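Chain lettering (A, B, C and D) follows the sequence in which the chains are written, and residue indices restart at 1 in each chain.
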């Protein structure tokens, strides 16, 4: 059997699990998907103390820390090799005060510090790798005050090909990190090789499940050769994978994430310029809905208003940080003829192109549900989703859920106005703008507690109801998503909940 | 070579095999596919002593024990972890009198007790797993009086990827169970990973061959990504697999089951509410025809008449428990245009949908044959099957079988009336209803002996004959099956049999 | 690089190879594909001393021994288990005089004796397997006088999944056979698992490359799930594979066979009744053309005239036993619309069916070429093949070969008349019939020597010429083959040859 | 993450890498793709001292050495087995003065000497293999003065199936070569088995990534069964692979090559007669563009003018030897209806054939770009490529690159005239012809230095400009390529470069 019923809330004996700290790697971290920032998508190897600390400060100023983005992660190219005693040494030009100083500075801002290493002989940037140096490197990281390790997969000396080979390689660092005694979030980055969603839950807090993301919504690139529902069985993860490529690749195993151990669809591209605002909204919403790690990848210091108002959207972040840890599931996809020329793959099919729509839904704490209606075509389209399909796991049209009526809350209708975002950016402070109803301070009160208290800013904007047996409908623009929270209004589901 | 000729009855030296006890795991159990009940499909983690014992009592009352459903299987979530000496401990709230008491209670009803463990570090419900504890756990189970072990595959620490890796992991428990000296039916549940049908016959009594079943006839779900005849090579078994998904996945290797070692298509969903009565009839018939393990998965205590009359159908159970242990084989499938909108996969193919019909047939003891005509489309359709196709393995149109005439017995025409079933349910006793011709007491006389004696209730209702070279024809409703037993009437096959 | 140029005759340093005995397993056997008979296809487990010896006698009587069918192979089910000292014991009822007696009897007829064992814990018929008993069983076989071992793959205890795992398992028996000192032809039967064509040349004389054949030309069966050019990568070899399924599966690696080590497309079904005479001719011709092992599988003692005249066709056997050991290659396949309803796979594609034609060609000793034009559709069709396509490996239209003219010899035009075959069968002697021009006695003079001497019976019937740059054309009946030998007539190829 | 940003020039800390010599196998060789000649494609096993030395002399005479073709590689069939002390011995008939003499002769011409061995028990030509003899054979080669080893994969005794198994086998020779102390370029030839592009960078200088090339542009052959973008996952590399088959197979992993470690698309067929001049131009251009090893495969001593003018094209070789080592990437492919009958695969799709066009582009030193427009159809076609698509990795239409204007240099417009080539060939000397503007002497000054100095002969012929936001357009003949270098003219890219 698998975890379906467990995720659906039927697991009552959680006291046992909590006591063990099991249900994921045993460090107790990432009970909800980790949130933070990593420099790679925007800066690549152009790293420095200044970049990290200035970015961390802006994250505080812009309210992103308090929105939950806790980790500041330094990616590849920070190294100057190994010292004579074998320990990794930071590049002293770029990190003139050493890594411990960077960690301290970030800690002093109330944030956490992440770093990067590789389970190979070299990092992807061809610096010293950690394969065979797991213990010493883990000790170095812990000594510097590191709270998070992104652990990559380049130059792995052929150590892959069965789950067991890859598991053993990644477990070595897991054990080494645990042995330091410092809680260090362990973020595996082996691109889905050897199916980490099958086995990583007991050794890591998250695992990348695809090749690297690129800042594009759905462009086909031969360098990301696996796609769609067969993409889980991929001998070449590649890179230049579009956001939709990665999302669809993950559709077969939404159940594999769980508190403490998450699917990582790769760092966000929001704000990097390669997608439209609509596309970024879809990208961000779906990463939240499927409980991906949420690591920003843009230049925080040069952020525009629309980027900020996506990244800080409290109604969507409440989905990401929902207590159940239950991923949305793709309930259906339909193909329709259209004229989208944006995808080479489509064009490659010869005459006649195809548009695609999808419906995703998932369980939220307290009996709520997430619903997302996606339009992957190039023209706006009316999309309908029946309660029977939204609640198909509960039994479809005969389920108590489908026979109840629901309030519908739009997750984007209360998006922070550009004016407010611009005030924040210009003032370097959230307090300068009126953020009532558009922002949540997770540092003061967690998303989970806010949802439990029915904070309106977390539920979204009430836009209507859907009757028992009815459907949700919305025009959805090209590459857009209509994303809502459903809350029980009346009927058997409501009664069941009231009895709790 | 493979076992084809053997299964077709050409194996005469069976004395050798019987002497060795080989032809399956060497515990001598499951000479026909195991029958029983498991709580998971209906109850998930909501387990207790009360659930098991009350269900066992109802199984006796409703005649299900005597129909052959012998095993009462407790699934996941029963555990409270390990004691200081390393042995598994039952949850004392839910099992206040301990597991041995549950076992005794079930034994006292003339039934057998099954339990659940996992070949991983955790069970799927995240309780203590048995990986590395095979010997001690087998001893615990034997000590409690366990007769059956369902052995799951979650959190297996990467120990998969070649048949050899998985074989070694599952063999450890096989050896441990054998070492207890207690005959314990060993039911592997590794979802077909690393092709257990290739190697499990010598270590287990049955093996799951797919991801978990869901209570749906043929809905496509991305979480069950493998399908059809290519489904045997599946890197992600998934879950939410429909009944027809699983049936078609098994079509390539019907020969792999044999007395003592069976394909397990997962527990029955009959009575759980997600399919129509017609669909449940098809599901149940085909599980029997392909010699799957037959483990009920509904709430026995809240069973309705139609559910009971499916589960107790003696003519179908006689197919399941046939002495040959020979699975039905899919002889053909045809695709026809239709308007079925029930399947997203079909819809996803764009304009124009497709209906599918299939014909399965197989050998039964004494020269009889099973034939099933399936309609997977959404409209009733006339289906014809020629003797040449039914007996294609014997040589098709030129075979003695195709040149004989046959009596046709409908396996569902004598289905227990709702009135009788309701009497049983209301009275908690089979003796209250007149079950003549609709029920078989396997405790008194086995299905095999009944068939040998030509008990009419086991043959089905005689509905006609088919002449040499002829065809069987029937209208078959949407998602239905026309299922019959053929018995030789005249011609070369009849003469050959009479000579025996 | 691969062996292409080598097979094309550019390898001149063969003295080195001959000295080493390399280029295959080092026992020196099977310099051309082995020929013989095995009981399985016709008799399955119904084996006995009487069957073997009477069949061997008929093989002599009917001229099959002298046509080259040297091995009489006993398949599964001969065993009575192991003795107390661990050696295999023959079933004394069926082999009352013991196996050595069978071997002696066959040897006395001037033939060789083959047996069967399995690289698993049980044989496919569930008798004692040889896994872990390789040395003792090899000694037993050698002691009995065995000359040939078919080594099967059932119940292999999960020992597969990489070429290395399977190689090691099969090499153990290879080494054990070599250690006996007796030359024993080693015929691997692992159904293509883990790609034996990649590695078996140094350990075995032949390797099965597919699931078991069935006596059908091209029927699709779900139990043989891999097909076509992708069939080389098959996780479930299955059984009930049609002749054309197997032929097409082998199309990607014709180069893998070589003197001493051959692709084995499984035993012949010629004469077993499931195909038409035309289909058997195609089956037999193509097995010869691709240098498969040639093991008859019919009941020799009940053979009809047409079966004998296929199996004894000297012009086709000269292709099989050609000195180059070079397989024919599929040069092209085309699909055409037709009305063939014989294939479920075709029907399954919905409305409109497809016929297929193929052209195979290959090099023969002395610059000759084999050409086969196959019609897989259900209606006769005119097929044309250009010299450019026939000689595409040599450079196509610009090659010396395509710019030469050729004599065309039909390989079936001199087929033994039914009258002659019937005389042989009735008289139990070839000498009773006039076989001039229709039979070759390989015992007196090998096929290779006969071809070198231009024996007309081996070349086939001269039916015309094809000019430089021209084409071969023939009407080919449904499921038939037009098979010819080309011999240089004039032009650059002829001059090149004359210079040798 | 992967190497994308690194390859795009963002890696600034290269001092670290250079110091370590990492970023490839640590022998410091092949900082640009190796260039040379190997006898196999033209001569197969027909090798001798005379062939090698006479060819090397012609390479000098024809200016090919000075064009950069440095290595003279002896392929298979040179061996006479092992001596009593276990060392490999050369065939004394064909190499009467021994291998050291051959090496010396080649060294005396200012060139380097390559040899061939196999990571198996036999070479593909069935001579003694080096598996298990790695150290002794490496010492032998070093002692003879060998500078390059092509290491093949035949008869590998099943040692494959996971990257780890193959890595270990090939690493043994890598270590052995390094242990000799002589710098020996290590050219792996394992046909892409077990994905060498994932792991070979740290053990070898190049790796074959497909089955053997054949002298054909795009013919489909069943013996090369993998094709297209799925070809990276190939269980049977095969042989008789067309140039376009190999090119498309490599499209998914252009990033895997890097200075010191290259994808090898197999030896060139230019001049061997199986393709048209247009096709050879395309073949040669694309091998250069994707940074394949550049090993000529024709008979240098019988070369015609057009072959010489392809192989010596300085503008194309400057792409191959560009300092970035960055491969071109396929940006799009489109399919169009046409009447090409040259491909069986196309024909096999039934009625209606399809033409294909592709656009490849890549980064060059100094901000230049390569663009190639390919026409795989059988009729000339106008192909357009927008700057947005050419620079999609930089951000597409919004990138600085797409918003700049560019000079366009045709890489083939300055091709050496036949008259000049014929003078060279007749005179056995480049000095006899006027090669101004059509030839580059890499011995005098490297391609990289020449490009840095803006040598016109290396840039190509200036044929126009493309404005910001514009497109390149050209009629491209059937099977041809329009190949250009773009150089920044004005706009943000130009300004950025000028600031450097």
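Here is the rule we use: contacts are C-beta pairs under 8 Å (C-beta built on N, C-alpha and C of every residue); 3 or more make two chains touch, one makes a residue touch a chain.
Per UniProt, the chains are A, B, C, D = Alpha-galactosidase.
Quick caveat, the model's predicted, so the values are computed rather than measured.
**Student:** Fitting the CA atoms of subunit A (Alpha-galactosidase) to subunit D (Alpha-galactosidase), what rotation angle results, rounded to the nearest 5 degrees?
**Tutor:** Rounded to the nearest 5 degrees, it is 90.
**Student:** Could you classify the subunit B (Alpha-galactosidase)-subunit C (Alpha-galactosidase) contact as same or different, where same means more than half of all interface residue numbers appear on both copies?
**Tutor:** On the two sides of the subunit C (Alpha-galactosidase) and subunit B (Alpha-galactosidase) interface, the residue numbers are mostly different, under half being shared.
**Student:** Between subunit A (Alpha-galactosidase) and subunit B (Alpha-galactosidase), what is the gap in Å from one C-alpha centre to the other?
**Tutor:** 41
**Student:** Can you list the subunit C (Alpha-galactosidase) residues in contact with two or more other chains?
**Tutor:** In subunit C (Alpha-galactosidase), 161-162, 165 touch at least two other chains.
**Student:** In their shared complex, at which residues does subunit D (Alpha-galactosidase) touch subunit A (Alpha-galactosidase)?
**Tutor:** 1-6, 10-13, 16-17, 20, 22-23, 161-168, 171, 194-195, 198-199, 201-202, 229-230, 232-233, 251-255, 329-330, 332-335, 337, 354, 392-393, 395-396, 398
**Student:** Subunit A (Alpha-galactosidase) touches which residues of subunit B (Alpha-galactosidase) in the complex?
**Tutor:** Contact set of subunit B (Alpha-galactosidase) toward subunit A (Alpha-galactosidase): 40, 44-46, 75-77, 79-81, 91, 121-122, 124-127, 152, 154-162, 165, 189, 211-212, 215, 219, 222-225, 235-236, 238-240, 273-274, 344, 347-350.
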